[in-house]
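After this come two complexes, each holding chain A, first together with chain B and then together with chain C.
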Partner chain A sequence: MNKTINQKAWFFVVPVFVLVAFNAAIPLMTVVNYSFQETFGNNVFAWEGTRWFKQILLSERFHDALGRQIAFTFIILLIQIPLGIGIALTMPKKGWGVPVCLILMSMPLLIPWNVVGAMWNIFALPDIGFLGYSLNAIGFDFNFTQQPGDAWFTTILMDVWHWTSLVVLLSYAGLNSIQPAYYQAAEIDGASRWSTFRYIELPKMKKVLTLAILLRFMDSFMIYTEPFVLTGGGPGNATAFLSIDLVKMALGQFDLGPAAAMSLIYFFIVLLVCWVFYSLMMKNEVKS
Partner chain B sequence: MAKITLNNLSHSYVSDYTDADLVLRDINIDWKDGGAYALLGPSGCGKTTLLNIISGLIKPSKGDILFDDKNVTSLNPVERDIAQIFQFPVIYDTMTVYDNLAFPLKNRNLSDTEIDSKVREIAEMLELTSTLNNRASGLTADGKQKISLGRGLVRSDVNVIMFDEPLTVIDPHLKWILRSKLKELHQKINRTMIYVTHDQTEALTFADQVVVMHEGQIVQTGTPVELFEKPKHTFVGHFIGSPGMNILPCQIKNGQINFAGQEVQSNSNIKKNNYKTTQLGIRPEFINFSDKGIPVKVKRVSNTGRHKIIDTECSGGTIKVLSNASTEIPSGSAYINFDQKYTYVYGDNWIIE
Partner chain C sequence: MKKYKWLVPTLYIIFLMLPIYWLINMSFKTTTEIINTYSLWPREFTTENYVKIFTDNTWYMGYVNSITYTVFNTLISVAAALPAAYAFSRYKFLGDKHLFFWLLTNRMAPPAVFALPFFQFYSSVNLFDTHIAVALSHCLFNIPLAVWILEGFMSAVPKELDETAYVDGYSFNRFFFKIFIPTIAAGIGITMFFCFMFSWVELLLAKTLTATAAKPIAATMTRTASTSGYELGLLAAAGSLTIIPGAIVIYFVRNYIAKGFAMGRV
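What follows is the complex of A and B.
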């Protein structure tokens, strides 16, 4: 077969090329550019090589922020995934309860991040907030603006409130796709409630749960707006997660070089974890 | 092992039901211990509902289920000690074939040695021994269905084993193998088996007694031969057989049958004539071409290899005739005769005997 050579077809790709260039490639390359150089403004740059990368990777501040970030992500995954599955299991499968539960569950997901932060800030204030006031009234010394533990507690509670629904909705969809015959067979086989969950529901939910964990990992690992509005990273640096610390460095101190290097390291961590997840998912796909 | 009795069973999926909501009405069945039975009917006739009521997955709206004269209506499937195999293979994905087969026994707290011997015995019977240590999720559809089957057979104490269209997802050439395997198993373990299907070949080859269901009712119970030779209801007539029975409108005057202007002899003994509709039922197998009889026009002949199916037309409607492939078929105008022994009259769709 003879193929007609027509290079004009490349013009069809131009719009996508321009779009991707402007929204991804060029901004990213700007960051790469900053990460290898020192600038004092006026577009004057000096080559620094890998100095900023070494500095960030060795700095205690980055280690602390990364540690806090990993701890935060780990805790919220540990709470939200089991809790989400648990709620999905107790949700009704038919009747009027289904739309009611689905709407209730979707509501937190529809509220903008900064509004969630502001809501919880006011809600948890020890003097006027319902949560903060009540906790103090029943004898707890609760003040999230002063005590790091309370700040963590509030931030985690806020994230659980905001995002557990996502896990619930995904799990619920996974549960609903299980054919009734599986439950009937388990009933006839004499399986206990736990065995039914362990050998039918959990394996059948594997795909959606991997997705839920991946989504919750990415979102929580890159969380910014809600803790920024709630605590601003404080008290001290207690809740300064990676992105909050990054913004402080870039816009607060105007250390563009180290901030750029930190962005890239941050980006590669996220990319690496996503790649691992993706590979695992694909591996299971091939097997089944 | 048990004999099964169903007393005046009715069911509706709505709690506040009227007669029109009933998916099953007045089901009465007596099944002997150790028999092989089939529930046959088209999709939506209520046969799966009936099966789920017998297994205890659904509570009937009305009526009783008795196992060996003991009322089990309020018992759940575990207490009833039944096994059921579903339309789609149900396997526990994360377990091996061995663990799948052992699962119902483990849940009943049998000892490990007992479980092991049972599992190996069943695996041997179903030719699963070589795959015992494989992950069940990697098997083909028929392998998975064998596991479902095995989980049903592995328990020695079951009262009844029920099959809900178990061969739907199996390839045609494997269907034959699995079906004969089932028949063989039935003879070997001699337990009551109930087989639900919409496929007449499956029902007729598997069961000693076939229950034909239509719109939530049992229209006939009988051996395959009875269903073929003497259908009690016009539905059984055209549902069983390929092609089905010819059901032709006829008139009855003074106990005589008049069809298409001709007098026809039948095996029915007509004593009264207060039916809304009267029909003549005759299977294509029992019609012959002749020199005299009912005048017809031969419309179409289709050769299936072993048989010829001939569409003929007369003033009373279309009549299908089945002949041997070697028979000469007249073309154009011809005469046909009905075999009196297999000709029945149906009043309001039920046979007049």
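What follows is the complex of A and C.
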């Protein structure tokens, strides 16, 4: 669309700008402040320069948490994106099945995150939970509160349960926007199911899929409440992802300096990845 | 193969419903039954857990608080985002692209990063433990989202609509409220749905910014695990009840969800 140049448009943006700046800029400055200083309580501060940044970047604890976080995000993207596309492809396109599918599939998205954690906790408990009990009954030694592997399995399954629907809804919307003429053309050409998918559906879904990956990356990288309620980061530190570790440091041990430095590094990583993604997305948009 | 296509979504929905069923199942059991026996449905059916929630005001006020700040937040976010999204979709102005990306970066900020500074900041302006504090803090991620979705919907409306209205002698305000807003009503509905959703499910900030007066239900729930022993039945009942507002909201926007996803950008 041709946009007109109009500097007065800024007036329209002012309320949003003020509200977000009020919420983002001031707290972010506080974090920046802390990251360069040592606190002694009673508002006494001493300049520390980049000490906290060096400490965090070199600490094993941060490396471990970051490693776990990357592994987790990578695994859930690998499961959720293909699974979401697959389900969207098999969903009914018209009739009573459409609203039923949409409503039931959106359900997990609207449950408060700690309820999701609590629900999965109850569901996976080895003695009284359906999942835990069933797995033990068929011969697996499953106990997510004791064994790190089981804790990972439960956390990933929970996230798949919680968020795959978002990918499904996005892919479904992308598929619905394809004109029937494309399919007719494919049929005339005698295209196989796979090549229809590969050369028609996948390219048409590119935009929504980029968005799905972006959203899933951001949210899984920031995940806090669900694993906190489900496993509390345990057993040991097995599922202590970045946010959990950060909150432990900031509110648990009150190590404000290192926690603030970690926050900034953390934010920077998310920002960098999203910026790369966003640029790619915009480039595609300009091309098409 | 086509014949069995329905199997995939069906199995997926069963997988989605299982934990929810288990939660509801637990909520109708007595504490002794939960602890001592494993059963697929309640043997001694009881509504005691629900009665407790609806008669104890520390419990049901949690719901009132959560709904209050969620509604506040939805209204603030959409009201502020409407003019901004219009500006982004119709005009070029100094720094527009940077501003748009800056807004999005706030959607990317981990709430854990902001928890402590928010607590200090809202305490210092005397808004700690109020509904408005939570509503304002949730603007951090909901306003960028609202601008983003609305901008998508508005850009889909041809600019000729605006121009025709001006030629017909409409003033900007009259055009915006009488013609433009009804045109993108579906988009506004979808935006409100997402704002409601993200404000309703968020807990970290809501919990950090409240103590008693505005405490969300989700935070009240964490109490059962610590102070009064492990009252799983009560926890399950409270959890089951938190699903209802979401289900109602989905029911209202059911016809727009797919369309909204396609046109808007989330």
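The rule is short, and it goes like this: the second predicted complex is superposed on the first by the 267 of 288 C-alpha atoms of A that agree within 3 Å, B and C clash if a C-alpha of one lies under 4 Å from a C-alpha of the other, contacts with A are read in each partner's own complex, and residues count from 1 in each chain.
The working rule: a residue touches a chain if its C-beta (ideal position, glycine included) is under 8 Å from a C-beta of that chain, and two chains touch if they have at least 3 such contacts.
None of the values given here were measured: they were computed from a predicted structure.
With chain A as the common reference for superposition, the partners chain B and chain C occupy compatible, non-clashing space.
By the touch criterion stated above, A:Phe277 is placed in contact with neither chain B nor chain C.
Angle at chain A (Cα centre) between the Cα centres of chain B and chain C in the superposed arrangement: 80°, in steps of 10.
Residue contacts after overlaying the shared chain place A:Pro99 against chain C, while chain B stays out of touching range. When the two complexes are superposed, the chain touching more residues of chain A, out of chain B and chain C, is C. In the superposition on chain A, A:Phe45 makes contact with neither chain B nor chain C.
Of the two partner chains placed by the overlay, only chain C lies in contact with A:Leu110; chain B stays clear of it.
Of the two partner chains, chain C is the only one touched by A:Leu251; chain B is not. The minimum CA-CA separation between chain B and chain C in the overlaid arrangement is 16 Å, rounded to the whole angstrom. Of all residues in chain A, only 1-10, 12-13, 15-17, 19-20, 22-24, 26-28, 30-31, 86-87, 90-92, 97-99, 101-115, 118-120, 122-123, 127-131, 133, 161, 164-165, 168-170, 172-174, 176-177, 208, 211, 215, 218, 221-222, 224-225, 229, 242-243, 246-247, 250-251, 256, 259, 263-264, 266-267, 270-271, 274-275, 278 touch chain C in the complex they form. Interface residues of chain C facing chain A in the complex, by the touch rule stated above, are 5-9, 12-13, 15-20, 22-23, 26, 34-35, 38, 40, 76, 79-81, 83-84, 86-94, 96, 99, 101, 103-118, 120-121, 136-137, 139-140, 143-144, 147, 155, 158-159, 197, 200-204, 217-218, 221-222, 232, 235-236, 239, 242-243, 245-247, 249-251, 254-255, 257-262, 265-266.
Across the complex, chain B meets chain A through its residues 52, 55, 57, 76-78, 82-84, 86-88, 90, 92-95, 103-104, 107-108, 137-138, 148, 151. By the touch criterion given at the top, residues 179, 181-182, 184-185, 187-192, 195, 199-200, 203-204, 287-288 of chain A touch chain B in their complex.
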